[in-house]
Each structure stands twice: as structure tokens, then as C-alpha cells.
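There are two complexes below, and they share chain A, which is joined by chain B in the first and by chain C in the second.
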Partner chain A sequence: MSTTLKARVLSVLLLLGLLCIWELSTPRITDAENMTEYELLMGGASEEARVPPPSAIILKAYEELTDPLYDNGPNDKGIGIQIAYSLYRVITGYTLAALVALPLGFLIGMSPLAYKTLDPFIQVLKPISPLAWMPLALFIIKDSEASAIFVIFICSIWPMLINTAFGVAGVRRDWVNVARTHELTDFRTAFTVILPAAAPTILTGMRISIGIAWLVIVAAEMLVGGTGIGYYVWNEWNNLDLTSVIFSILVIGVVGMLLDSMFARVQTAVQYQE
Partner chain B sequence: MTSKSFSNPYDGDIDLRHGRNCTCTSCNSNTTSTSKAEDTAKPQPTFSDTDEALSHMVESAVVRAMFGHNDISRRSFAKLLGGGTLAAALASVFPMEAAKAAIADSLGKPEKSKLSVGFVPITCATPIIMAKPLGFYEKYGLDVDVIKTAGWAVARDKSLNNEYDAAHMLTPMPLAITMGAGSVAEPYLMPAVENINGQAIVLHVDHKDKNDDPRKWKGFKFGVPFEYSMHNFLLRYYVAEFGLDPDVDIQIRVVPPPEMVANLKAGNLDGYLSPDPFNQRAVWEKVGFIHKLTKDIWDGHPCCAFACSAKFANTMPNTYGNLLKALIDATQYASPATNRQEIAEAIAPKNYLNQPVPVIAQVLTGRYADGLGNIHDVPNRIDFDPFPWHSMGVWILTQMKRWGYIQGDVDYKTIAEQVYNAADAASVMKSLGLEPPTKTYKSYDIMGKTFDPDQPEAYVKSFAIGQG
Partner chain C sequence: MNNTPLLQIQNLTRKYPSPEGDQELIVFENANFNIERGEFVCIIGHSGCGKSTILNVLAGLDDASSGVVIMDNTEVKGPSLDRGVVFQNYSLLPWLSALNNVIFGVRARFPDWSRKQVKEHSYKYLKMVGLGDGAEQRNPSQLSGGMRQRVSIARAFAIQPKLLLLDEPFGALDALTRGTIQDELIRVWSDTDQTVFMITHDVDEAILLADRILLMSNGPYATIAESVVIDIPRPRKRAEIIHHDAYYPIRNHLVDFLTTRSKNTHQMDPSTPPVLNQQPLTVRPGIVPDALHLNTLPTVSNKFTKNRLTALTGTES
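Entry: the complex of A and B
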């Protein structure tokens, strides 16, 4: 048995062990047979919100995942629909950010003048929490959907911008000089020499951005509500339904992981050895 | 509709009616209106859409009258007030006698039937929510999506953005929005109150020993759902009556209602004055107990309201009229105790309040556990009464002045009358066979202190604690 396989088996056993401990340590609460009216009105002990055992979460996951596309009205939709709304917002905001950040980053990386001019703005805007933009966005854009997309845009633009600029500026001078001796135009130099050379750094920036975008969408949707996985969490929090909350946390984690691994593949594809 | 009846609304002597021999274009094109006063005396025109035209006309008249437009039904106004200077103030007198009969049965077809109405998931919104599952919107030809909103700041912004056609708001909010306090100024209307009473002061279970005397609450952190809320004003009023300055001796934080219980549980708050079901939910979760129902501070106080922009009501009078009718009908249905259990079950699902049925049922039926070991029976713990008393608006404005939310001279009555659309509520109530009050001002007794709506400024000055 190889080490990898052993490690895998051990990981699974560890997980199962931890789940068993969690399951067993969750007290089973049953109410007395004959409750007084006061006790009934208080809901008894079993109705109180508490951290659920893993079995309840698995059951919940089964229920939600077998019927992911149900639609019981505007405030109660299946997990699949909610995820789709969130992904739509993330992808739209992210794409817009990429359209702005990549060319701008290229410019900044290639021109020291542009770099020096824009640097103060970037330094001030970069550390602002994307959610702090939300009230302003709602007021100015006057549309909660567009505001959520704007928040994704503003949070995913910085890592891409900075990494692109950094990658472009860091291309070895020798390579650019070689291109110049071959009398390549600036345009061709940018696309055939600088872009491939800077690609790994740019991709790192894009990967960081998508991660941040996915983090932020949950918070943004909790704020504006309506649809999306963030709203789902908020709605269940409303009801102190921790089973659903834990389930949605897991879903958010899995989707985030998938997004990240997608970019990881692209990143390996553009990687090169000097 | 261009109607002759609208051309000179202030002149009581010129006959503007579309009689049988009328030659105006609208009559020739098969659309006839008659003044309702003459309906019985004159032979009825046989046009099929007379009723529609008539009610449209009167409805428009009511709506326009409310917003100070000039297009006002001549008979209604000139006769009632003798023409001349008709200001917004007459809104309170106008429709009681004038418009009711015509609005009665059928409004025109809604200009827009697909609507979005926002709500915050609390029992105050009961009429707005239940109108959906129980079919009140459908009954009036509307296809309404009721959209859950995370809090009132977002509800306000989405309303101002026109994402919502109308929304569930707190009664002080339309006043604040109209005056531009904590928002951009936009003329807002509040044609109906949703609920009266129905709030409570909840304290953390650790403070059971401080239940007897609010003077012991010094240093407490309290949650209220919004700055411009009855909750904020009632909590301030209540503690101030016990000698605590709410701006100095306690801390008041704005916490969205759905987050109240979680914050109480986490110890972030010592208590809150919040909408139900979150008071009862705190008891259900055994983290809090009910110190006092707001009913026992001011019996019959308003809380939440149905509000929309003046623009919406103006540009789509039929939609507005039907929506208002659906809501007042629903509000009325929510009032009798016998319907409450059914309503509790209708609004509990995830799509609406997302709460356990027994919690909502305790709120709505008023038979509840207080978390201290007692069962109470208070049928009017929450009640539903659509009439927007102007005196309620004046009271709220006095409290806004008292606590420094608005400064300078306040024209209490004018603002209250502009925003609290008592005339529309009254005419719709009449049309549904209800008896609206014949006046729009009354005095209140709040914790033993009398509020006289005619002396708002003196009332503000009469408090020892406050900034007014």
C-alpha cells in the first residue's frame, strides 16, 4: 500500500471518528409524555435551537440535494437555484473586473509613468472592505442586483490588477530585448513575449480574486437578501435552524473549492520552466 | 381618462356632468360618467362600462385631492368645502361623505397587475404576507410577489429604487422619508396601518431579578429594529418615564429583527424592544422573558404600515386602489380572533416568516408563555386596524423632535396629513362595508400622560428628559 493511499484511508477514518464523537456527544432530548400547557407553549426542550448531530445534517443534505430546483415562491427556492444566482453574480462581477483589471494592469506594468500615477489610488482603494461599498452602491446605482455585482467587481479587481502589473513588470529584460532585436512591434511583443511570460503571475491574481469574490458574495447576499446562497444562510439564521446553516456552509465550501481547482488547472497549464 | 368632471374642480356652480345629452368626446366614445349624487334621480345611462368609468373618476379624484393636484371632482369638493382654497388639510374631511359610494364596487382595471411588495419577516407584516397565501391580492386582480427583506434600511433603499412598488414599513418611516430625515426626501404615502400593539420588551433570562424596576437597567444594551421606529420611540419613552435618559443611561443599538434572538443569546444585548415573533421566539429558545407588552405602554399604538411613493399612487391610481383594498380587506380579516390560528399556519412557512407555528400562534392568539412561568391571555396582544390616524403621525413627530431626529420648527399636522393617507383608507374601508372613524385626531393616554394632538409643541416641551 502506497503512502498516499494510506494517508487517504487515515483521513477518512479520522473524519468518521470525529463525526462519531460529535454524533454521540449530542444529547438526545425527548420531552416528557404529558407536558403542561406552559411547557407546550415554551416548546419543550426538543424544540430549542441547538447544534445538530451529523446525522441530522446528512439527512438535511439528502433532502436538499435530491430536490435542488424546487420553487415555492420568491423567498423559498431550492439550493441549486440559490447557488446558480450566486454564481451568476460572481461570474458577472468577476468578468467585468477582469476586463478592466487585465488591460489596466498591462499598462501599469509596461509603463513606469502609469504605475507611478495610479499607485496612490490603488493603495487607497485596495484595503477598503468591499461591503463598505454596499450602502453607497445601493444609493447611487439604485438597483440591488447591480449593487451586489458591483461589490464583487470592486473586490475582485485589485488582486488581478496588482498581479498583472507585477507580472508584466517582472518579465526578464533579456526577453524583451531579444524581441526588440527581431524588430517585433510593441503589440506583438506584448502578446507573444510578455503575456506568456507573465501568465503564471496573472493567473495567480485571478485565482486569488475568484476566491475573494466567492467569500464576499455570501456576505453581500446576506445584506441585500432576495436570492442566493447568502440569503439562504440568512433566512435559516432567521429561524435559528442550525442544521440548514451547517449544510449551506458545507455547500459554500464545496463550490468555492471547485472554483479554485478550476483556476488551479489553468494555472498549471500556463506554468513554464526557465 | 379625460373627463369633463375634472376640468374645473373648484367651481361649484358650473355643471360639468356628462349628462345624457352631453356631447363631449368621452361620452360619444361610449364612456360616460355621472355624478354619483344624481345616480338615483336620473335615468341610468346604459353604457356597459359606466361603473368602471365612475369609480375610476372618483378614485382619481380622491387620489389627486390627496396630493394637492387640481383635478378634483367638483361636486365632492365644492359642495363640501365651498370651493376656494383647498389644501391638503381637507383630505381628512373629504372622502368620508363624498367618495365612498362610487369607489364601492369596482375600481378600474389595474394599470399594472404584476407587483413586488417588500416585507420584513415579522408578524406586523401579517396582512401583507397573508394576502398572498390566502388570496386577497388575487381577489382584487393583482399578481403580487411578496419579497422578504433583510432589514429596514434595505427596504427603504429598495423602495426608493422602485424595486418594490410598495412596502411594509414602520409607521415613522414614511414621515422620515418625506421629510428627508435619514434618507433622500421623496414624498411618501402611508394609506394604511398594518397592526397596532404587538411588540414587547424582552430581557435576557439573566436579568430576571431586574424585571420589577426599569431603574435597575442602567448600562443595559438594548436592541431596536430601526432608528425611525415605534420601537425606538416607545423604548425611549418607557425608560425616560423611569428617569433613565436613553441617550446616556442605556445604549440603544439598531439590530435587524431576525438577528435579535441570536444577539440576545450571545449576550450582545441585555434586552430589546422588537417586533414579534422574535419576542416569543426568545421565550421559546429560553434565552429571554417578556418584561412588558407594548400594549401596556400605549394600548392601540401603531407599529407597522403599508407605504408607497406618492408617485406610484398618482401614476397608477387603479393599481394603488386595488392594492390598498386588498390590504385593508386582509387587515380586517386578520382582526377577529377566530381567524388567527389559520393565519398563523398560512404565514409560518419558509417562504414567509420561516418560524415554528406555535410561536406565531402564541403571538397572534395572545395566549402565551412569558418565560417566567406564567401563561397570559391577551387577545389584543397584537391587533390589526388599518386606519392611519393623523394624531398617530403627530405623536411620532413629537418624539422625533423630542429625541433630536428632527430640528427646528415642525409643522406637525401638515406633515402628518400629507403622509398619513386617512382619506384613502376611509373610502376603501367604506367600500368594504366597514365603518371608518369620523375624525382623524384623538388624544392618547400613554403611561398616565395625556397627549393632545392640538398641542404638539407643548407636549414635546413637557418632558423632563429629551433634547427638545
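Entry: the complex of A and C
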């Protein structure tokens, strides 16, 4: 048996074991007849307000995933619709960030002057928590939707910018010389030599960025409200529906994993061995 | 046919500012030499004498502090497709297959060619250096050092430059591979009219390949001291060349230069005024001194020696 297969089997066993412990450690809800006077008075609330067992979550997941696109008004939309809203914001903000970061990163990587000029700005702006921009964004943009996209934009720009600049600056001198001895124009050198040479580093930055964007969208939507998976989590917390909260946490994890593996695939495609 | 040399190097000097900034480091000074069309010229000298710098200046990748390089009556400025370069570390683009690395060069050289034409031309040159039948589809990382250098040589020959510059192309290869690729290089070179300028550390390699070997004195203040004509007829074979009468006189002359005579006299006394426009001394250790008379010259099939000899004896008489 190969190591991969062994690891897979162990992963499944570990999951089943943990789920069993979780399931068994969750107290049963006693029938109404067996309740004490006080418990009846409280409507069984103390027992309802527990972390739900995995079986309840699986049931919930089944319900939600078989009908992901229902829309019963502003506060009751299917998980598919919520995810779609979040993905739309992430992709829009992320694409805008890429459109700015990649050319700018190229410039910084190629020109020591541009690097030295812009470096102080990058150093100050980079460590700012993206959510700190939210009030300012809301005031200037005056639109919660666009503000959420702006927050995604500002958080995904830095890793892409820095990695692009780093990758471009680190292109081996020999390869640039190959381009020079072949009389390539600057434009062709950028696309046929520097871009493929720096692509693995650039993709690493893009992968870090998409991860951060997905982390930030949940928080941003909790603030902005209305739609999206972040809003969904917060809304279900307000509804005291912990089953839905746990279910949506898992969905956030799975979508994040899918986004990351997508970029991992592109990264493998542009990777080269020296 | 144009009688001026393809390449004329005149009073080439390269200085580097010293770290302290008070005195400049002069790597080489007033280097003068010519290269004829179709000629294979090797340059030998100790490390640090500036061989690679000269090659980089010829390639246009580096600038000389003073002096000029003239190719085809035009001054060389910046890199150009007229001067192909093979670097010691191959300089292949690792994300492209062997074939695509050659195509990269060919497409740059012949932008008007069709895709098919570019591919066929590239493949032809890969075949010439013994790569094909699937090996051309592999990436450089999947090729051995020898195969990588073959790809690099194919790329350089495929763009058909006026001058091919080889910077210690076999330096990183083992002796066996080096031998095979030397043979291939000679074969590809004989099939074309390519002019080649090559740096090497290997005396035997230089004798096998070159029409003429330039000897550089030690740096700093290095100069091109001698131009040694290799009077051994072509085609030369590695196994046979050592039995030729001229082989050991030439080899001894080169080794003697490298071990003793390469120490620069100028270096001892930097105050002597630099000598301008001085061509290196032409030496022919392969010819016994009393035979150096036009009528009794041994028949040499080397395509350049005749001109040069006339020139040499002409100035003497």
C-alpha cells in the first residue's frame, strides 16, 4: 500500500473517530414528559443552546445542498446564492488588484528607481488590516457593496505586488542576456523571457492573495451585511442556529480549499526546473 | 570578396573603478587584433586577464572603456543578432523544450518566416549537433550538461550570425563529452562559413579547433601578446593530430607562454607609456625556422595561412 493511500485511509479513520467522540459527547435532548418543572418553564432552552452533534449538521448540509439556490427574501437565501455573492466580490476585487499589482510589480522589479520611490508607501500600507479601510471606504464610496470589493482589492494587492516585483527583479542575468543578444524588443523580452521566468514567483503571490481575499471577505460581509457567506454566518448566529453556523464554517473552508487548489494547479503549470 | 577583416579590434581597454576610488583597475589595455571571415580564433590566457570581458564587449553585453570594435566596417554598439553567443553555463531558457529554445533564436532572427519554416530550420540544426528523435522535446533540466551545450550551440549556429562567440563552451563538461562535442563543433563549423571566436583554457582543444590562437598576457594591464598560427592541415582528427610534426612545437610554445612568458612586463612598470595600434606578434611554431621561405613552404590546406604568410614575409623583406 502506498503512503498516499495509507494517509487517505488514516484521514478518514481520524475524521470518523472525531465525529464519533463529538456525537457521543453531545447531551441528548430529553423528552418533554421527563423534564423538570423548571426545564419546562425554560422551554428546554438550556439543552437547545448546545453545540449540535455532527448528525444534525450532516442533516442540515443535506437540506441546504439539495436546494442551494432558493430565495425566500432578504434573510433567507440558499447557501449557493450566498457563496455566489461572496465569490463575485472576491473575484471582482481580486481581478482589479491583479490589474494594478502585476504591471506595477513589473515596473518596480525592472526599475530600481521605481522600487526605491514606491517602497516606503508599500511598507506603510501593507501592514494595515484591510478592515481598517472599511469606514473610509464606506464614507468615500458611499456604497456597501463597492466598499466590500474595495477591501478585497486592498488586501489582495500587496502579496501580488511584492512577489511580482521580487520575481521580476530576480530573473537571471543570463536569460536577460539571451534576450539582448537576440535583439528582442523590451516588450517581447518582458513577455517571452521575464514573464515566464518570474511566473512561479508571481503565481505564489497570487495564491497568497486569493487566500487572504477569501479570509477577508467573510469578515467584510459580517460588517457590510445583506448578502454573502460572511453575512450568512452572522445572520445564523443572530438566529441562534448553531447548526447552520457550523455548516457554513465548513462551506467556507471547502470553497477556500477549492480556490487554493485552482491556483496550485496553475502554479504547477508555470513551474520550471533549472 | 571583401578583403578587410570581418572584425577589427582597435586599442580596446577596460578599466574598473577600484573600491577605494583612488586608482582605476585596468584589466586589459590597448588590445589589437583582427579576425578574418570564416576564421576560427581561440583566445587563451590566465583567469582574470579579461578574456570574458573582451568577449562580452564583442557581444555588445559590456562596454569598453576606450577603443573600438569594428565589424564589417561598422562600429559595434550593443548586442546584435550578427553576433551569436554561446555561454559557458548554456543559458537555455528552462521553461522551453530544447527545440523551442532553438526556435526562440530562429524566430528572433527570421521574423518573416512561417512557423513551419522556423521549426524545420531549428530541427535541422538540432540534428546537426546530434539531438533529435524525441530528445528535442525535452526541457533543459532533463538533458545532460553535454546535451544542453549542444542545444546552445545549435541555437547559435541556427541564427547564422556573422560572428559566433563561444565563452568557454566546454568548461563545465567532462573530458569524454567534451571530445565528442568538439568533433561536432568542428563538423558544423566546416559545413558553414561561420567565423568563430572562442575562449578556452584547454591548450589541446585550442590546437584542435583553431586556425589561430591569441595569447593574452596576465592582467592587470593585460594585452594580446601573440597570435599563434596553427599550421596543421584540416580536417583534423583528435587521435591523429598529436602525431603531426607541428603539434608538439605549437603545444610547447603555448604551454611555455602560459607558464613563463605570460607575465606582463608592463605590469611591473605601469609608468611606461601605452603602445597604441600594436598588432600581436604573429608566431608560427609549427614551421621549422629554416623552412620559412616562400618557395620551400610546406603545403598547408589551411585557408588563411597563405595570405597571412605573404603579409608576414612581405613586411620582413
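By definition in this document, the second predicted complex is superposed on the first by the 260 of 274 C-alpha atoms of A that agree within 3 Å, B and C clash if a C-alpha of one lies under 4 Å from a C-alpha of the other, contacts with A are read in each partner's own complex, and residues count from 1 in each chain.
In this section, a contact is a pair of C-beta atoms (placed from the backbone, for glycine too) under 8 Å apart; a residue touches a chain by one contact, two chains touch by 3 or more.
None of these values were measured; they are calculated from a predicted model.
Clash-free side-by-side placement of chain B and chain C is the outcome of superposition onto chain A.
In the superposition on chain A, A:P196 makes contact with chain C only, while chain B stays out of contact range.
Using the contact criterion defined above for the overlaid structures, shared-chain residue A:A132 touches neither chain B nor chain C, since it reaches no partner. Of the two partner chains placed by superposition, A:L18 touches none, neither chain B nor chain C.
Within the superposed three-chain model, A:R180 lies in touch with chain C and out of touch with chain B [touch as defined at top].
In the superposition on chain A, contact of A:M257 is made with neither chain B nor chain C. Here's the short version: in the overlay, chain B gets within 51 Å of chain C at its closest Cα pair.
Those residues of chain A whose C-beta lies close enough to touch chain B in the complex are 37-38, 40-43, 47-49, 72-76, 135, 138-139, 142-144, 222-226, 234-240.
Touching chain C in their complex are the following residues of chain A: 174-175, 177-178, 180-184, 192-193, 196-197, 199, 270, 272-274.
The part of chain C that touches chain A in the complex is made up of residues 59-61, 78-81, 83-85, 87, 89, 91, 93-95, 104-105, 108-109, 139-141, 159.
Residues of chain B that touch chain A in their complex: 121, 132, 145-150, 153-154, 157-158, 160-163, 258-259, 261-262, 281, 283-286, 349-352, 354-356, 358-359, 362, 367-369, 371, 373-375.
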